[in-house]
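Chain lettering (A, B, C and D) follows the sequence in which the chains are written, and residue indices restart at 1 in each chain.
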Amino acid sequence: MSAVAEARPWTRPQMAARLASDIPEGWYVNLGIGIPTLVADFVPTEREVIFHSENGVLGMGPAPAKADLDPWLINAGKQHVTLRTGGCFVHHADSFAMIRGGHLDLCVLGAFEVAENGDIANWATSENDTAPAVGGAMDLAAGAKRLWVVMEHSTKDGRSKLVRKCTYPLTAPRAVKRVYTNLAVLEVASEGFVVLDMAAGLSRDELRARTDAELIFPA
Amino acid sequence: MSAVAEARPWTRPQMAARLASDIPEGWYVNLGIGIPTLVADFVPTEREVIFHSENGVLGMGPAPAKADLDPWLINAGKQHVTLRTGGCFVHHADSFAMIRGGHLDLCVLGAFEVAENGDIANWATSENDTAPAVGGAMDLAAGAKRLWVVMEHSTKDGRSKLVRKCTYPLTAPRAVKRVYTNLAVLEVASEGFVVLDMAAGLSRDELRARTDAELIFPA
Amino acid sequence: MINKIVQSMGEAMAGMRDGATILLGGFGSVGQPNQLVDAVIETGARDLVVVANNSGGGHVGLALLMELGRVRRIICSFPRSSTSTVFEELYRAGKIELEIVPQGTLAERMRAAGAGVGAFYTPTSVGTKLAEGKETRVINGREMVLEHALHGDFALVEAWQADRWGNLTYRRSGRNFNPVMATAANVTIVQAQHIVELGTLDPEAIVTPGIFVDRVVHVPYGDPAI
Amino acid sequence: MINKIVQSMGEAMAGMRDGATILLGGFGSVGQPNQLVDAVIETGARDLVVVANNSGGGHVGLALLMELGRVRRIICSFPRSSTSTVFEELYRAGKIELEIVPQGTLAERMRAAGAGVGAFYTPTSVGTKLAEGKETRVINGREMVLEHALHGDFALVEAWQADRWGNLTYRRSGRNFNPVMATAANVTIVQAQHIVELGTLDPEAIVTPGIFVDRVVHVPYGDPAI
């Protein structure tokens, strides 16, 4: 663990910024609750990326200034938001038609675990969670063209959230394409996680030590 | 046949008017092509009946005066129509959601044959009709809360169009609730056609002679 | 003259009964027909099945209906929030049944009900415990799960504008589940902020055509709480 | 800056290819993207599958495309009209395949494709020869037939207004199949009567959100023929 201390893990805003830099203009993107929500802050306004919210908002803009707050306009996280010029409103069935129909270029979610085969678990913390809240997570994970996960590399008690096999109930099997953590950016490939990028000062062995899954380093 | 000559069969406008008198205010109604289209003319404007057309027009009004014709507004029969105050436009999937979802109180269609169990045949004139045109007939017959048929009692060559069993390909089984012909108004009941009304001067025996199906005359 | 506007909550609630399935619009603080829920409480109906995205918050609306012991079962996608304590206590005490449905599947099941579709195959929830025991089949190379139409006896809807034919518009994210639920119930009851003359609403911009609406009551409650 | 407006029919048709399935909007004389069909003719693509409500009329648009021998198969609800002689001759001569689909099932199959629903059960056509050989099941006491999603490689759409994000409105009964088809194709190409500035269209009244649209070409052809 001490070796990792020398490394400089990315902060949450840095993780969000790193992910945001990979979103090209013109994509339709749904951002989940938590770190994913931060991503929008790092897409420069001149790069037009169209954000979708499950509750029927397409073309969502940033949080309003207090004085401009519209009580009729919230996102799926129940936060007040704005609508960009060119945005529009649809009902829930049409909103999820966009999701399920594969019209979103990207969905970004947080997760409890991501497995090396792309399985994601992000909605229930145990099989015995009696009243788990799924919301739109399963629709998004199954429906978007790409699913990227942004999350801490490890749990608070130090267990890797990148795993060989998920232990928590799945949100969707084989759905994740890419993972952004505080330590690395990883692509899900047929043989395991391919490391695309690492936090400064982190060695391959250190990353392996922190990761409970197969890691592949491109030549 | 000579006995029938003494009877006074209803004209097409009379058939349409007779049917129209049975439509209460507030019903949502789809009228098929042919005699059914005439029905709208006999609903007084002060009795609000809302006409639906498959191509996404709800609240259809009568044909426009030549000078007021709107080239952008047609009905399912490809005729130019008007929109009543309070009407609206929807797309085809939503329009047929209204039909299939049982939201129309009534659909009125023409038919080649209606069987005593309510089967209707109105879209193809033989099993060998190679390119028959079904349009929205099957959706309407299966979807509306009530299906009434308005048609001549007999074919041009004198065969009854009310039959024990349809010989033409079905549009929908057990769908018709009521039939308005030039000779009678009949309700489809489990035991056969119940005669609700007859053209003036027509005897029960004459109607029986003209009908190739079970007829029941209420006491 | 068609007039779906009713003058009292009593008229709006006609036919409400024990055991009814109620579709309840709204998402978060927006588009919630809270005054109609209060009216349901007034009717005394119990043993209700409620379909809503959430399981209520605080001690008002759906949460109050549950607190009064009137809800037998809730069908929702997200029964957890910082203020959903009423539901959570009832659920832990075994006093309420819960069916969790993914949010998009919930919307689509009601859309199917409104559109006369009996059931449909969706990729959502395949391979998860929410698909356990459900029929699946591979369509076009993709495994899908069979989901059935979800009908209501009543839908409670919050709209922005309504006319006497029951044509409706919504306000921004107040739209949410409301137009979908309006199509999926035997009786659709609307509380509208504004009652407008027939002909006021643009025929190209009516979101819920009156064919889906049975009763409208004027409830100009103003803006949702922030 | 997102800009889906293209300046030429050539750009609009990029990727058009032999064997493509084309969803073709329009109903009767209204909402027909005839100029886009002319552009398809220009590409030379053949062996096409066309999904449309009708089978074309006269010797223009779809009828011309068929007359040129470029359509292998047509999927439609109503292949007969007083002016559909081109189709009828080709069909009698065995030079074109036909799949008849009830109009509502046709719309719903494309809606399903756009919404990611693989297949659905509908009561339409049960007990008729159009359901022969199809799987059926009884749902809620009613027999229903299984129908599959119908995807297009391209959708050709006629709209009234469009902005650079591809948001669309339609004009009266010009709406018809257009918004449904726009959701159901890999590439949706729009001919719009009016190109408007972003922000001109009311966010509450956009019928096709730009997410479903790939390319827009300005075709101010005026009113449909009467």
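One rule holds for everything that comes next: a residue touches a chain if its C-beta (ideal position, glycine included) is under 8 Å from a C-beta of that chain, and two chains touch if they have at least 3 such contacts.
Owing to the predicted nature of the structure, the values given are computational and were not obtained by experimental measurement.
Asker: If you check the contacts of chain C and chain D, which chains show up for both?
Answerer: A, B
Asker: Pick out whichever of the two, B-D or B-C, is joined by more C-beta pairs in contact.
Answerer: Top pair by contacting C-beta pairs is B-D.
Asker: Centroid of chain A to centroid of chain D, CA atoms only: how many Å?
Answerer: 35
Asker: How many angstrom lie between the CA centroids of chain A and chain C, rounded to a whole number?
Answerer: 29
Asker: Could you list which residues of chain C touch at least two other chains?
Answerer: Where chain C meets two or more other chains at a single residue, that happens at 108, 111, 115-117, 122-123, 170-172, 203-204, 207.
Asker: Could you list the positions in chain A whose residues touch two or more of the other chains?
Answerer: 83, 89-90, 93, 96-97, 99-100, 143 - these are the residues of chain A that touch more than one other chain.
Asker: Just spell out which pairs of chains touch, all of them.
Answerer: Listed by label, chains in contact pair as A-C, A-D, B-C, B-D, C-D.
Asker: Of all residues in chain A, which touch chain C in the complex?
Answerer: Residues 53-57, 69-76, 78, 80, 83, 89-93, 95-97, 99-100, 124, 127, 130-139, 142-143, 169-173.
Asker: Give every residue of chain C touching chain B within the complex, in rising order.
Answerer: Spelled out, the residues of chain C in touch with chain B are 1-2, 111, 113-117, 163-165, 167, 183, 198-199, 201, 203-204, 206, 209-212.
Asker: If you look only at chain D, which of its residues touch chain B in the complex?
Answerer: These residues of chain D touch chain B: 27-30, 53, 77-81, 87-88, 91-92, 98, 100-105, 107-108, 110-111, 122-130, 170-180, 207, 223-226.
Asker: In the complex, go through chain B and note every residue touching chain C.
Answerer: The touching residues are 25-26, 28, 46, 48, 50, 52, 58-59, 83, 85-90, 93, 96-104, 143.
Asker: Report the residues of chain C in contact with chain D in the complex, numbered from low to high.
Answerer: Listed in rising order, the residues of chain C that touch chain D are 108, 112, 115-123, 139-140, 142, 144, 148-149, 169-172, 202-205, 207.
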